[in-house]
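Each of the next two complexes has subunit A plus one more chain, namely subunit B in the first and subunit C in the second.
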Partner chain A sequence: MRQELHAEWTKLRTLAGTRRLLFVIIMLTVALSAVASAAVTCPTAGCDHDAAKLSLTGIQLGQAVVAMLAVLAISGEYSTGTIRTTLTAMPRRTTVLAAKAVILAGLTLAAGTVAVLASVLAGRLILPGNGFTPAHGHPLLSLADGPTLRAAAGSVLYLALIALLSLGVATAVRDSAVSIGLVLALLYFLPTVIYMISDPDWQRLLWQISPTNAGLAIQTTTHLSSLPLSPWAGLGVLAAWATAALLGGGLLLRLRDA
Partner chain B sequence: MTTITPYRSDLRAGRDGFAQLLRAEWTKFRTVRGWMIGMTAAALVTILLGVLFAAGSHSSCSKGPIEVACPVTPVGPGGEAVDDRFYFVHKSLTGDGSITARVNTMTGQIRKPDVTPGVRNVISGVVPWAKAGVLIKESTKQGSAYAALMVTGSHGVRMQHNFTEDVAGRPGGVSKESPRWLRLTRSGDTLTGYESADGTNWTKVGTARLAGLPSTVRVGLFATSPGDLTVGQAAIGGVTAAARFTEVTAVMDQVDLQGAVSGGPWSHDDVGVVSDVDGTPHHPGGVVESGGTFTVTGVGDMAPGTEGMAIERTLTGALSGLIVVIVMAVMFITAEYRRGLIRTTLIAAPGRGRMLAAKATVIAMVTFVTGLIAAAVTVEVGTRMLRANGNPLLPVSPLTELRVVVGTAAFLAVAAVFALALGVVFRRSVAAVVTAIVLIVLPYVLATTSVLPLSGAQWLLRLTPAAGFAIQQSVPEYAHVLGYYAPQMGYYPLAPWAGLAVTCGYAALALGLAAFLLSRRDA
Partner chain C sequence: MEATIEVAGLRKRFGQSMALDGMSFTVTPGRVTGFVGPNGAGKSTTMRVILGLDAADEGTALVGGRPYTSLRHPLNHVGALLDAGALQPSRTGRNHLLWLAHSQGLTARRVDEVIEQLGLESAARRKAGGYSLGMRQRLGIAAALLGDPPVLMLDEPFNGLDPEGVVWIRGFLRSLATQGRAVLVSSHLMSELEDTAGQIVVVGRGRVIADTSVADLIATASDGQVTLRTTARSEAMTVLAHDGATVAATDRDTLTVSGLAAERIVTLLSQNAVPFSEVAAHRATLEEAYLDLTRDAVEFRAGAEQEAAR
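Our next item is the complex of A and B:
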């Protein structure tokens, strides 16, 4: 496994696009988070906003770039034919995929940590100016606060799981455009379907299995009891999606010709 | 000595007109099986989701535990669904004439969300759009033509007619110290409203032409008060809008009728009142008449109705079709870069801008036709199924329905051109697909799934290419009806065609950038 890890690390590290994408993940996440924090005001006491979740809005955008990074990590090899060299040099295919997953998760965790910390910091600086003050029931955002720490750390994990999910899908699909389309449809279209349905039981069910809705439950710090799933259970749903995608991708990688 | 004639093809040299370019691009699109399958899939998934949505939406009405047939939503003279519930004290008027009355006070009560569950929390007060004044109406039938001059809770004097029209008069409410005189005159099918603070100096508020108003109409005093809107957060992130009972009581006197008015006592009608299980009216209005003073109490509204489903709800699945279309449009160009076909293409058609124009035309046409079929089938089948399942639909004119269907197809086509242009700019499918989806789909998702608060959501749908979704809005927003006009409820901040124009602007910009880069860069 060490050799495989080293090979995958070299491949990703030496691609010019990787560093750029990691930078874009951080920039876009922080930018949208800051804009969302700046756009929302809390003029009166007891305004019903979730400050921690608000300051982490950028994850909604950052996840698209994370998915892009993950899809490119595998489909780039298919489009250029490098996959054949890779598999000749490292014939244990599942190990190759596992190594890719580890490297990707590591990179995403690193970029995600920076992005989330900067987003929370932006929220901490911007939100009090918009009326999110202790007088209005919103203490300063702080990672020393249990739920806020959970929201922040969970958001980093969320991004890593999105990377793994995308890697699994792209390994199964192989074509880059189709895989990114599928992943983004899963992330962005499924949440809108929930509002299409009028039956509350179906709404809850869809919410519980949607990777974005369930996964981002980890960011919620208010009205926890009204969530269909607890925050960590929600992240577990996304983890299940990622595992299923990786297993499916790994299986197809083993069974098919490259 | 032999002369060698170089080989010359028998085929005549082809022309490189735009028609030939179009044909070449169409052949490329048509013969890639995956793209044809993709386009078909985009249409099918849109239709399927619309049908599933319609099949899963059931609606029924009940009074207490008993299920009853749903009341038929009245329809106004303009064809729109209307609320038409008010207390009416009236006589008949034949031919021309007028009514004058003085509004002295308006009081009322409002039910607020229960503080203790199960205990009604009623406070006294008047909601902003509570109305009382003089009314001339075709008949007491719900939805019939009318014009009314009224004092409102906090929007001053208003002249409204046929539910959708609203003209503002002088602002301010009424009290015993400063009453307001109102006069409505009829001349043929033209009704004119006047107001006065002293009963002698009159100011014209507005005129209304009620086409086809019969010679004999009802004329009298009315009062009505719409429900108080409370918007709350739903458990899974949506919003719940609840309208609670309110009531207004207006004291009016100095009533003066001119013209051929029926003699005898005033008729009383609680127009549009529904009865409870035991047969008693639910929240009845009423009138107390003593010595020329009328104290009229009313509940309801005379305004366009917003209760019901808009037809474009069936088209929510078009978002998935949009994602497929974006992927197809990007691949239409990036596949050429990946396989090196772009070099052949540019040798055959050296006019790069024209090549791009041909590609854009083909992808736009293919998407438009696919989208048109998908949207037409979805709306047609979806609305039929929704009606069959007892769901009240907000009626719209055939022209509006056409705009929703054709506009959805046009929006998809413009989005495809936008994605194609991004494909030329990036030359890599993943970057182009992500950019297109982040710019078109993500703003819509953020705005409609209540991730962002209302103001943020509205700005997103004004400034991003997602503004084009506005083309699907079939029922307009009315300034004189209190409602939760949020993107989530299907109300967009831009007018339908303005929204589409924003998306077109982005597509044109991207296409211009693509043409520039295409001519500057080596392929």
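Our next item is the complex of A and C:
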């Protein structure tokens, strides 16, 4: 697998789009996080806001770019025909997909870490000015605080899992536009549908299996008992989605003519 | 590793149509083997099956006695150029070769060697999307040579090249074969392989129609035919046909005669005072020999098209 990893790393590193998309992931995540932190105020003591979750709002935008990066990593090869060169040079197809997954996850973890640290820092700087003060029951945002650290580290993992989910979907679908459409529908349309459903049992069930709703539970630091799933169980739901997508994509990659 | 490609009894169906219908042939080292047939005869599909990209429904394809997908560093055994356009346009030519090299455990030094060998130094650091077709073909061949493989396989390498490029590839392929490599080159135009291929595998409708050396192929197609140059075409035709020959007009002043020996033709024309300027044993071109062989396949196709039009 070492040579597959080396080849896939060289491949992704030498595409101009990769660096640009990684930069956009960081910029959009931090920008939306900062805007969210600046838009919400806590005028009185005991205002009911989740400061950590608020400062990580940008993840919901950054994930779309992560999905694009991951989809293009494989569907870009199908649209140009490079996939045949890839599979001629490396006939062990599942190993190729695994190598792509490792490289993508690594890049996403790196970009995600930068984005999350900058978002938390922005929150730490902006929030106190909006009334999120110790006097109002909101100590300064800090990674030394267990739940905040879990929310921050979990958000980085969340982005990496979104990348793997998207890679799996794109490997199965092969077409860029269709793959991005499918992933974005899963990330944004499904939560909207859940919001519109009136039956509470259905709503709760769909929430529990939705990759975004369940996955973003990892950011919650207040009122944990009211969540349909615990934070780590929620991230586990997303991990299950990512695993299923990669397994399905890998199986199709093995079985189909290239 | 032995430098051979052995294809035996390949069958593959795409929906209704049989893409491969018992394709069998062997490519041996030390010469260029032309893989010729009309578009849709199964040439590219066969090459994809050899490389393990497509799976055949039946039959085997072995490279040096082993299935391609079992090779640890396949580019060190087989160099293939399937589609020179299959590049990510924003990557430079050198970086394209670099990731391929890394996939085989080769280093950047080898990349620079093949860049020099193919004369790509000036283009190597430019984006491949801006390459001309000829440069893409060169880059594709550079990729095929990365692992210095004993077997080479090129699909339609002449497509879209200017005459200079065609001459260059011909010479290059000959030199690769002279080094003792097995070289398989597909083309839908037999004339492109003139002076290049030593062996010809002619395919049509997914199977081999003929597998023969170029010398034998031309000899068979030329068999017993005589070219006659004369200004009195109709008189000559009458005289020769009267003696039992089959005569076909090939040009304004040339006839192709079969069924009569050259001496007999000279005697007949002299006796009847028919003027002529040249009588020579006919040497068929590779193209003619090929058309002879594939006539059935082409007729079948034309027939099918008429059916469809109805």
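Everything that follows uses one rule, which is that the second predicted complex is superposed on the first by the 258 of 258 C-alpha atoms of A that agree within 3 Å, B and C clash if a C-alpha of one lies under 4 Å from a C-alpha of the other, contacts with A are read in each partner's own complex, and residues count from 1 in each chain.
Here is the rule we go by: contacts are C-beta pairs under 8 Å (C-beta built on N, C-alpha and C of every residue); 3 or more make two chains touch, one makes a residue touch a chain.
Everything quoted here is computed from the prediction, not taken from an experiment.
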Practice task
Please work out whether A:177 is in contact with subunit B alone, subunit C alone, both, or neither, and reply first, second, both or neither.
Solution key: first
Handout entry: Touching partner for A:185 - first (subunit B), second (subunit C), both, neither
Key = first
Practice task
Give one of first, second, both or neither to describe whether A:3 is in contact with subunit B, with subunit C, with both, or with none.
Solution key: second
Exercise for the section: Based on the superposed arrangement, let me know which partner A:75 touches: subunit B (first), subunit C (second), both, or neither? Expected result: first
Problem - Which of subunit B and subunit C A:142 touches, first, second, both or neither - result: neither
Handout entry: Per-residue contact with subunit A, leading partner among subunit C and subunit B
Key = B
Practice task
Figure out whether A:90 sits in contact with subunit B (first) or subunit C (second), or with both, or with neither.
Solution key: second
Handout entry: Interface residues of subunit A shared between complexes with subunit B and subunit C
Key = none
Practice task
Flag every residue of subunit B that touches subunit A in the complex, lowest number first.
Solution key: 49, 53, 56-58, 233, 235-238, 313, 316-317, 319-320, 323-324, 326-327, 330-331, 334, 338, 428-431, 433-434, 437-438, 441-442, 444-446, 448-449, 451-453, 455-456, 459, 488
Exercise for the section: Mind listing the subunit C positions that touch subunit A in their complex? Expected result: 48, 51-55, 68-69, 71, 74-75, 80, 82-83, 85-92, 95, 98-100, 102-105, 143
Fill in the blank from the handout: Note: in the complex, subunit A contacts subunit C through residues 3-4, 6-11, 14-17, 76-77, 80-82, 84-92, 257-258
Problem - Complex contacts: residues of subunit A adjacent to subunit B - result: 36, 39-40, 48-49, 57, 60-61, 64-65, 67-68, 71-72, 75, 79, 176-178, 180-181, 184-185, 188-189, 191-199, 202-204, 207, 213, 223, 226-228
